[in-house]
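Beneath this line is the structure, given in structure tokens, with notes to follow.
All chains are identified by letter, namely A, B, C and D, in their written order; residue positions are counted from 1 within each chain.
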Amino acid sequence: MATHTFTPTKYHITMAAHEPVLRIADGDTVVTTTIDARGGDASDTIVAERGNPQTGPFYVEGAEPGDALAITFDRIMPNRRRGFTGALIAERILEPAFVRTLPPKREVNWDVDVDKGTVTLTDEQSPINGYTVPMVPMIGCFGVAPPRKQAISTATSYVNGGNMDYRGHVAGVTVYFPVAEPGGLFHLGDGHAVQGDGEIVGTGVEISMDVQFTARVVKNSNIIWPRTENDVELMAFGNARPLDEALQYATTELLRWLEADYNLDTESASIILGQTIEYEIANVFDPAYTVVAKIRKSWLEQLAK
Amino acid sequence: MATHTFTPTKYHITMAAHEPVLRIADGDTVVTTTIDARGGDASDTIVAERGNPQTGPFYVEGAEPGDALAITFDRIMPNRRRGFTGALIAERILEPAFVRTLPPKREVNWDVDVDKGTVTLTDEQSPINGYTVPMVPMIGCFGVAPPRKQAISTATSYVNGGNMDYRGHVAGVTVYFPVAEPGGLFHLGDGHAVQGDGEIVGTGVEISMDVQFTARVVKNSNIIWPRTENDVELMAFGNARPLDEALQYATTELLRWLEADYNLDTESASIILGQTIEYEIANVFDPAYTVVAKIRKSWLEQLAK
Amino acid sequence: MATHTFTPTKYHITMAAHEPVLRIADGDTVVTTTIDARGGDASDTIVAERGNPQTGPFYVEGAEPGDALAITFDRIMPNRRRGFTGALIAERILEPAFVRTLPPKREVNWDVDVDKGTVTLTDEQSPINGYTVPMVPMIGCFGVAPPRKQAISTATSYVNGGNMDYRGHVAGVTVYFPVAEPGGLFHLGDGHAVQGDGEIVGTGVEISMDVQFTARVVKNSNIIWPRTENDVELMAFGNARPLDEALQYATTELLRWLEADYNLDTESASIILGQTIEYEIANVFDPAYTVVAKIRKSWLEQLAK
Amino acid sequence: MATHTFTPTKYHITMAAHEPVLRIADGDTVVTTTIDARGGDASDTIVAERGNPQTGPFYVEGAEPGDALAITFDRIMPNRRRGFTGALIAERILEPAFVRTLPPKREVNWDVDVDKGTVTLTDEQSPINGYTVPMVPMIGCFGVAPPRKQAISTATSYVNGGNMDYRGHVAGVTVYFPVAEPGGLFHLGDGHAVQGDGEIVGTGVEISMDVQFTARVVKNSNIIWPRTENDVELMAFGNARPLDEALQYATTELLRWLEADYNLDTESASIILGQTIEYEIANVFDPAYTVVAKIRKSWLEQLAK
């Protein structure tokens, strides 16, 4: 279980079977950094093309198509003070006629204070300059190489993960991806100091990050869509348009999870989910939207696993 | 501020300008009952046609088109022990190809124990017989007469409320409706002892209820869609298909709420909502789906209202 | 087979079990008029509330729930010269960001020349004043009383027909509706001198009409959604949001039609439709969108019916 | 204006900046072949991986990002007799509850007689064995390299074209693509002897083809989505989910086309399209659906271009 420190020097704006930057063993940990959605690094210098440029990919020994790659985020922490966001809710998230009333688009800066754990609007033009929310650092875009030799833009998301922009992807979670290429090929980038549901202004508080993650291979996994686990919940992801279809994928993946891991038939899993399922809308801004279907582990304790 | 006790004898399966069953003053309280989605009362006897039959409508003196009618649920409590649910996730909520694998549909019963606050599956056929979740009583379908002389089925929902099936509509909340007919004409029914997000098996734990509510008129309100408030959150509702459009209505209504009540311009309200908004998926089963856009009041405290 | 001449004096803006204006026998013909979408009559005088006010309803003797009501339009002809349309594609039909660039909304007039069969823009402000298209008169909104005592706004459409706004609903077609109330209760209004697919500016060339129709009862019909037949095609309608779901209803209804009337199993009907089906988008402006699934009768001639 | 004969030896299942197989000049013609969706060639031998394997890409000298690449199909002709189709309408195109009733999936063969111009079902199991439709050969999947170094699966479609599966893409049409990579990099494959709207059984009559096309560069084009022109119509394509959004892209692209090429303001173009636009649903089976927005050139003749 080695720990590798990796300093990226190049970045990708697709997820694909790119040349690995590092090969690690099953169970190894990597300490690295990500740059912001525009390619800005810890010194706020642009070092890559915009569009969620990715650190990686990392090749995990032993990961083969048919397996799952499990990534645990051990630490996600902003490594500079300036973050930025959009300042208007995106057109596609508002009533069509309301769009006519929108003022011009612009961006605003936020001060990210890691010690205080706060994120504060710093925009002299704004009547709410100084508006402050707590910091909840997360990674917006990460995943593995997709199937069938595709190179998927890091603007969007798919079965391999990608730009899911889910504010629950914080330190402590473990995310499972279906492996399509040998080594899995894990990419990561697009950190947010905080984000609301839906990423409705098109951004969280975009910022560069220090990240530590641990990779593990789960052999012969049956997963189709990304799955996330934390101490209290199981979560399945659907990445698609429209939102209705993202919800279908997420719900069906969570159903499959309960059937396989808790030895439930479809009816029993349905009865349980019917009264306990929770949904979150991760993003409704990216080309594919992301819905999270969740169940608290506590609702499963009375079942023999 | 009188309290009226009303015992219903007839029920409606549309929301419309039906003959009022009771006229009450602004600020009055009503103690009444609702029957279950199939028309079953406290004694589990069918007394009305199925399809969320409604108690009411109640005419609130002083409510005129252009006003809002505010309904506070003071108490929502099951008044019998047997509840029932669907036993399969609805076809439209699953991946289309997965639908081919579904077993036959049926319904199952649950024992609702008000004293213990539990809801327990009571189905001898089921391998999970005895499965138990906490009771969280809510009202699924309620609202006012719609505009333009429509009679809207209580299977669905619309600007006037209706079958929103939101599990957050519990005792303690206040719901605001746009008044379209004199008196507002408040209807209510379709109680659930508990429900998951999305009402994905087509039901919560359907049951008859004792309900107490208080009605208040808000003059010259600008609301378009239902709004709900509890101690900690503001919530706006969008009732439509597809889910994407329900989300547009909910988001825009919450934006209008912040603009009007917190004196914010669209950009400032967007900046705040961008990093603080939360969404819930109330139901994805009914003909119109329901999305809730929410903000915690604590995120608004630093603003001068 | 009597012919009745009926002059309307009141109009409805919902389809519902309104008091019939005339009772006719199975096979009878009615000669009547419709007013325009705003309530303007043949003399261009406003005589009713806007929103597709309907002539009728007509009670057809012998029509019972479970039957179909077949309406043949014998004649649809503008009865005045001035028509009007919207002048901008509706916001919901354009890319969301493009909506920001739209000029203000207004309406424009058209001269409808029945003798020449032309429709000509008459708007001095417009750089294309005088733009001319052929007249193709059609009825936009018509149908029967809906099920379960609903009163459905004539802004929208549903299983009972309504505001389908399909430019193929011209003289000569026969439309079948599922009967939900005794007598069927046929309503009609909202004539267009011509219309493009989708009704994308929110209107066709709106105008009052002389209409003649013949009503016939089809006993024990199995139809769920409206169906239309002309000399060359069978058409099934889906009225819903989103467009994807309207298409599901239309496709499934056409499949059911072939299965029942041509004695085909699902696979055979699928094989045929797979290579012959045609779709039309009737409207994408109204609250429910309308998709038409069609097959040419000539593709069915080689089958024993 | 040279004519090149090119015999493919390898095929791609993504559209991407693959190594060109041939470099041709602006205006040159290519005579080549395509294999079927499963990789079957003219001798019905599998020579490539399934999933619409593509011939090409062809590099057209002078095509630069910002230009359009215009491809005219001079000839599209099946080069073997056996075609095949799916035998059931796809689950996602039917009402969700109807999906439960579907029989098992299978495929059926068709005899494609180029001399007679017919396509005949040849399946002994089928009660409609011998069912015949006219041959209308088309190309389902073709396009150029996409932007931002993506490799897009030939299962789907996008701004660069791809698997649009439009039955109007027959010999004689010219299709314009936005160039994202030097040379454009034109790919083609997935021929159908005939296809219905929507490709609802998941296939047309899949077959290998002899194809001749001519490539031309249009400098400094403003196109965003593919556009097609034939003798009588202008057509703009939207490739997206849901169908509503595909329609938004198609409509807006056609509006931009009229504005740019016919010197119309948005209002004038809207007035014209409002009464003349036609839509086709190309496919509702692939991951992205395709809508075609069309106008007949005859409706534009009265305008000064």
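We adopt the following convention: a residue touches a chain if its C-beta (ideal position, glycine included) is under 8 Å from a C-beta of that chain, and two chains touch if they have at least 3 such contacts.
Values in this document were obtained by computation on a predicted structure and should not be read as measured data.
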item: Pair joined by more contacting C-beta pairs (A-B or A-C); value: A-B
item: Chain at maximum distance from chain A, centres defined as averaged CA atoms; value: C
item: Homomeric contact chain A-chain D: same or different residue positions, threshold half; value: same
item: Distance from chain B to chain A - Cα centre to Cα centre, in angstrom; value: 32
item: Length of the line joining the C-alpha centres of chain A and chain D, rounded to whole Å; value: 34
item: Separation of chain A from chain C, taking each centre as the mean of its C-alpha atoms, in whole Å; value: 47
item: Contacts with 2+ other chains: residues of chain C; value: 96, 102, 242, 244
item: Parts of chain A lying in touch with chain C, wherever the complex brings them together; value: 90-92, 94, 96-97, 99-100, 102, 242, 244
item: Residues of chain A that touch chain B when the two form their complex; value: 85-89, 92-96, 98, 101-103, 108, 119, 121, 126-128, 131-133, 194-201, 203-205, 242-244, 247-249, 251-252, 255, 264-268, 270-281, 284, 289, 299, 302-303
item: Chain C to chain B touching residues, read off their complex; value: 13-14, 16, 51, 148-153, 240-242, 244-245
